[in-house]
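Should a chain be cited, it is by its letter among A, B, C and D, assigned in written order, with residues numbered from 1 in that chain.
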Amino acid sequence: MKRKVYCSLLVLTFILTSFIGAHAASTAKIGFTYIMSGPFSAYGQFAKQGAELAIEEINAAGGINGNKVEGFFEDSTGKADVALRAIRKLVYQDKVDMLIGLDSSGVAKTVVPSIEQMKTPLIITHAATPDVTGSVCNKYTFRISLNLAQNVKAAALLAKETGAKKWTTVGPDYAFGHQSWEYFEKYLKELNPETTFLPKEDVAFPPFKTTDFSAYITKVMSSKPDGVFISLWGGNLIDFVRQASSMGFFNGDFQVLFSLGAATEVLTALGDKMPEGLWVGTRYWFLANDSAKNKSFVDSYFKKYGAYPSYNAHGAYSAVYAYKAAAEKAGSLDKEKIVSALEGLKLEIPTGTIEFRKGDHQAVTDAHWGKTAADTAYPHRILKPVKIFNGQDVTPSVAESGCSM
Amino acid sequence: MEILLLNILNGLSWGMLLFLIAVGLTTVFGVLGVLNFAHGSLFMLGAYLCMQTMQLFDSFWLGLLIGPLCAVFVGLLIEKFLLKRVYGRDVSFQLLLTFAVLLILDDAVRVIWGSGYHVVEPPAILNGIISVAGQDYPVYRLFLVLIGPLIGGLLWAFFHYTKWGKIIRAASFDNIMAEGVGINVPLIYTSVFALGTWLAALGGALAAPQQSLIPSMGEKIIIESFIVVVVGGMGSFPGAFVGALMLGLLESFGTVFAGRMQMAIPYILLAVILLVKPTGLFRKGV
Amino acid sequence: MTDVLRIENLGHSYGKFKVIEDISLSISKGEMSALIGPNGAGKTTFYNAISGHFPPTRGKVFLNGENITGFAAHRVVDKGMCRSFQITNIFAALTVLENVISPLIIQQRKHFKIYGNVFKDKQIIERAMLVLEQIGIADRADQVVANLAYGDKRLVEMAIVLARDPSVVLLDEPTAGMNPEETENMIKLIKKLANNSGTTFFITEHDMKVVFSLAEKIYVLHQGHLLAQGSPGEIRSNEHVKEAYLGRKVHA
Amino acid sequence: MMKLLRHKLFGPTVLAVLLFFAPLIISTYSVMILSEILIMGLMAISFNLLLGYTGLLSFGQGAFFGLGAYCAALMLQAGYQNLFLILLVGMLASLLASLVVGFFSVRLDEIFFAMITLGFGMLFFSIAHNWLDVTGGSDGLPVFVLPSLSLLGNEITFYEPTRMYYLVFGIVLLGLVLLWLIVHSPFGLILKAMRENKQRVSFVGGNVRLLRIVAFAISGAFTGLAGVLFCLFNSMATPEFMHWSFSAKPVIMSIIGGTGVFLGPLFGAGIFFVLEQIIIQYTENWMLFLGIVLVPIVLFFPQGVFGTLRNKIFKQGVK
């Protein structure tokens, strides 16, 4: 008899706890898709660290609308079909409320139509192609990071100041390199109609797999330009800078602008081999501003991981906070309500105050350019001085972006 | 005129690196009959081991000496435990097995040294610029242009004037015959694979001051090495040399004339050569 | 004209080296002929040059009066000449039946037919079984060829060659590598086939016993030239042949 | 009973029935993975028409797969939404392209054939990657509208994963039935004969070059069909599909599954995806573990996992 009572008690407690458990377990699930393996896995690792830091901070402060935040990380491998599979897993299997991520522009551009089918909001934190908040934009897709147009607009403003008249480029031979050059040409021409640009067959577009840039360096140097706009990144940029400096490329015969030169992985790998006094652009620079938000981000990041946050860490970190802000504004985790809350949302992130424009879902965010400088406090070159271009000035209008929702 | 000369130098220095990798690949194919997909990964391993040695002893030359030798050890393990079992099996099995080795090596290196970029400094004596036809040109690249033929010459002498070299040549023509005259064929196979590994790793160590180190650096170069080997004639030593120079120079001049089709240059070369001469430019044999 | 195979001034060179030179012969229908000669005399080159393995450098080949010089192998077969090889040349992983069916499919121009079950094609199966019965391996029709004994593999090649019902059959050393019993059976088989069908056989052979027990006419090839031709008796008594070749080789 | 089990259509029929009812039991995500397995399985079996049946190792199948995908993407972009038209055009384009590539490639053998097809494949990749105006360059083409099907007066759309699965299932089933018929036709037997001994085929009157071109074109056409499906399933076409590393997939799948059995490559595709899903669950170093798993498969399963197991169970000889 006694045994029976115990048994029923046990069952009762089990049922009760499972109820309570289910209630307490109500979580806000965020799915992250980054390159976690292969040649570019460093990007994914940085993003994961940034995201985990944000989640930890938010959970310590009581979660989002009282919900615990849980992160799910998937590997895009940088390939469109794999990235889509990862996103499908997050949406259909893990049933996430929110998607954050995407490194590669090509991946972002081809995956975006499916996001609309899955009816789950996505904040892009890295991919720079203007198209995802332009020609292929949709209701569910947002971007918190600086896009190519914003970055290049700032470059054009800077280029005008240098006074250089004849420009050429070195860029990777794929959409990013070509688009960067087209936009640069377009913006600088608007700002200063007197500038000239070398025709397409005379500029340098080394294929992505290039490791030996000498032929391109020779080509650019022999065309005797006043300014060179360089949109190489990652390993290409490291190889280029090393080979170019030994061939006298940075001797000051012409202006040099690196559209994405100030990425942590590049500066760290190059160390003191990065020439000083070159203009480099960045999506986020950890020393660019002294706001409390930025200080606390950089400090806690450094404390947790022993490194300074890269732009990708910043993107993922900020996107989590943007989701929190949207959820609080909506008062719900409902996907549709989150989408409406994100539209026009204004919030402060480490890099400054941003606003997700209603028209194309691109964040209006400041662009940072700086000159490389040595500083013994850091193992790599830092930017000094840093020039901040106001988001309003560098973001093309919605009409120009070509987005229609 | 200067541009012509500079492009020739650029093409030669790139071609010499390709040659070092391709000659190992082609010798291994000639003797073992295996087209090694993981050859590029051994190149990558050579670069990383050179970097590691440099960090320990602070000398590029020691890195160049010790790094490739450590890679040879890894190569021996691969031959002993894996490749040995697929000699004579279908081509597709050999390709898949070496592809698996590529996956393992690339990811293992990523686990050990991280996925970030690494750089290796050339030794001080080669770290300057020299004036070539009125243009600044890095000394290290000239060093590459010279070291390629040097190593090629030494290899040629090895194959033609030493007993072991002659045995390997015999084996590459006909390994049954080699067995018939009492040569220890398994030992030949192991040593040839070790030689191939050493050449690939040496190429990697030599390339290290020139390009950033990343675990996937071998995948970039393996396809072009395949092309060199096929264009030159599979298993042909002079073929590897000529093929590598052709590809190096074509790619260098491609930056001037090919425009947006630069990327396709190696494949066009491959297709054209195979259509004109289905077995490549040179006959098998080192 | 009853010559099924006529060869005029055939020659073949590798670079400057003339392997065979100025060979002319004609074989009449149903005549069992043999080509002999020491190793390196150019027998295989001769066979390859007339069967479409490669085009001859000089000379002409006529099959049933039609000039087939330089035709590719498959066209030579279509014109009615089919050959065997010194080293057994069959489809190892297929069954005996499939080995014989393959040439029949091609003969009936069904090799580009991408539907239908060939094993339900009565015409082909019946013909295939007939050939196998002629050769005497019908009982092994379902066995995979790779698992057969060596002699049986040679028989399968014979079946493949005969399946296309050629007017001329070239047999390159049909008894090579066979034991005496197998050789004996092969001789009987060739004789039987030659008598029963209208097929003309032209063989090369190492084994003189085989040659002299089969051939009605013998051609002797020496250093790329046709040294002599004639009946077995004439060849046996030919001084040149004796000197160049038979004297040392024949034990019969 | 045993006779029924041994009937060569018993296994495939059971499999088809299982696949038909699978969406009722498994999760939405698993349904999508299954769709991918079927598409890649079709690609691998088309590829195996060359490797397993004709003895040609093609390393450029991605070109035809990608061509099918690009055709579908471009047609959808241009507003053509007829499903059958898209499937037909995708197949035809791949057929034509593979006729051209085959014309130049089939006179080579073994590794030379593998290399020249790799070269042609990468040539296609270079074009897709650089022809910005048509192919969208390196970004590829996103697809916004999927074709629909009018059935008994109803418009059926395929945005819902299970519906997409049945579309894929239907087309792949049709493709496999056709390929099965081809493999067991007179032409199929001649292909096997060529794999065994192409010299013998030409010396019984077969035009080996022409036969190989036809085999290559058929394989290319069905690979293109798989590519069209992949484009619809992922609503995209990207140059990646034409890269040699994509062309390596059917090779890996076929060898894992077994090249000597018709459905072997399909099982290989299944094993490949399931393995990948399991491995990425536990580690980011999936390349390392995939490599470690591939090694014993190559060393100890000479007829592939499926082929070797089947032979063990039914004690059948080499097919």
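What we mean here is this: contacts are C-beta pairs under 8 Å (C-beta built on N, C-alpha and C of every residue); 3 or more make two chains touch, one makes a residue touch a chain.
Being a predicted model, the structure only gives us computed values, none of them experimental.
J.: Chains shared as neighbours by chain B and chain C?
T.: Joint contacts, listed by label: D.
J.: Among all the other chains, which ones are in touch with both chain A and chain C?
T.: D
J.: Whose C-alpha centre lies nearest the centre of all protein C-alpha atoms?
T.: Central chain: D.
J.: With chain centres set to the mean of the C-alpha atoms, which chain is at the far end from chain B?
T.: That would be chain C.
J.: How many angstrom lie between the CA centroids of chain C and chain D, rounded to a whole number?
T.: The computed centroid separation for chain C versus chain D comes out at 42 Å.
J.: Compute the distance, rounded to whole Å, between the mean C-alpha positions of chain B and chain D.
T.: One centre to the other, that is 33 Å.
J.: Averaging only over C-alpha atoms, locate the centres of chain A and chain D and give their separation in whole Å.
T.: For chain A versus chain D, the centre distance works out to 36 Å.
J.: Quick one: which residues in chain A touch 2 or more of the other chains?
T.: 37-38, 41, 173 - these are the residues of chain A that touch more than one other chain.
J.: Residue numbers in chain D touching 2 or more other chains?
T.: 129-130, 285, 287
J.: Where in chain C do residues touch two or more other chains at once?
T.: Not one residue in chain C touches at least two other chains.
J.: With touch defined as at the top, which chains are paired up in contact here?
T.: A-B, A-D, B-D, C-D
J.: For chain D, which residues count as touching chain C in their complex?
T.: Contact set of chain D toward chain C: 181-182, 184-190, 192-193, 195-197, 199-208, 211, 214, 218, 317-319.
J.: Which part of chain B faces chain D closely enough to touch in the complex?
T.: That would be residues 35, 82, 85-86, 89, 91-93, 95-97, 99-104, 106-108, 110-111, 223, 226-227, 230, 234, 260-261, 263-264, 266-268, 270-271, 274-275, 278-279 of chain B.
J.: Using the touch definition from the top, list the residues of chain C that touch chain D in their complex.
T.: The contact residues of chain C facing chain D are 51-52, 72-74, 77-78, 82-83, 85, 89-94, 98-99, 101-103, 105-107, 110-118, 121, 144, 146-147, 160-161, 163-164.
J.: Quick one: which bits of chain A touch chain B in the complex? Just the residue numbers, please.
T.: 37-42, 45, 173, 200-201, 204-207, 209, 211-212, 214-216, 218-219, 222, 234-235, 238-239, 242-243, 246-248, 265-266, 268-271, 273
J.: For chain A, which residues are in contact with chain D within the complex?
T.: 36-38, 41, 74-75, 79-81, 84-85, 88-89, 92-93, 105-106, 109-114, 117, 129, 131, 136, 173-176, 178
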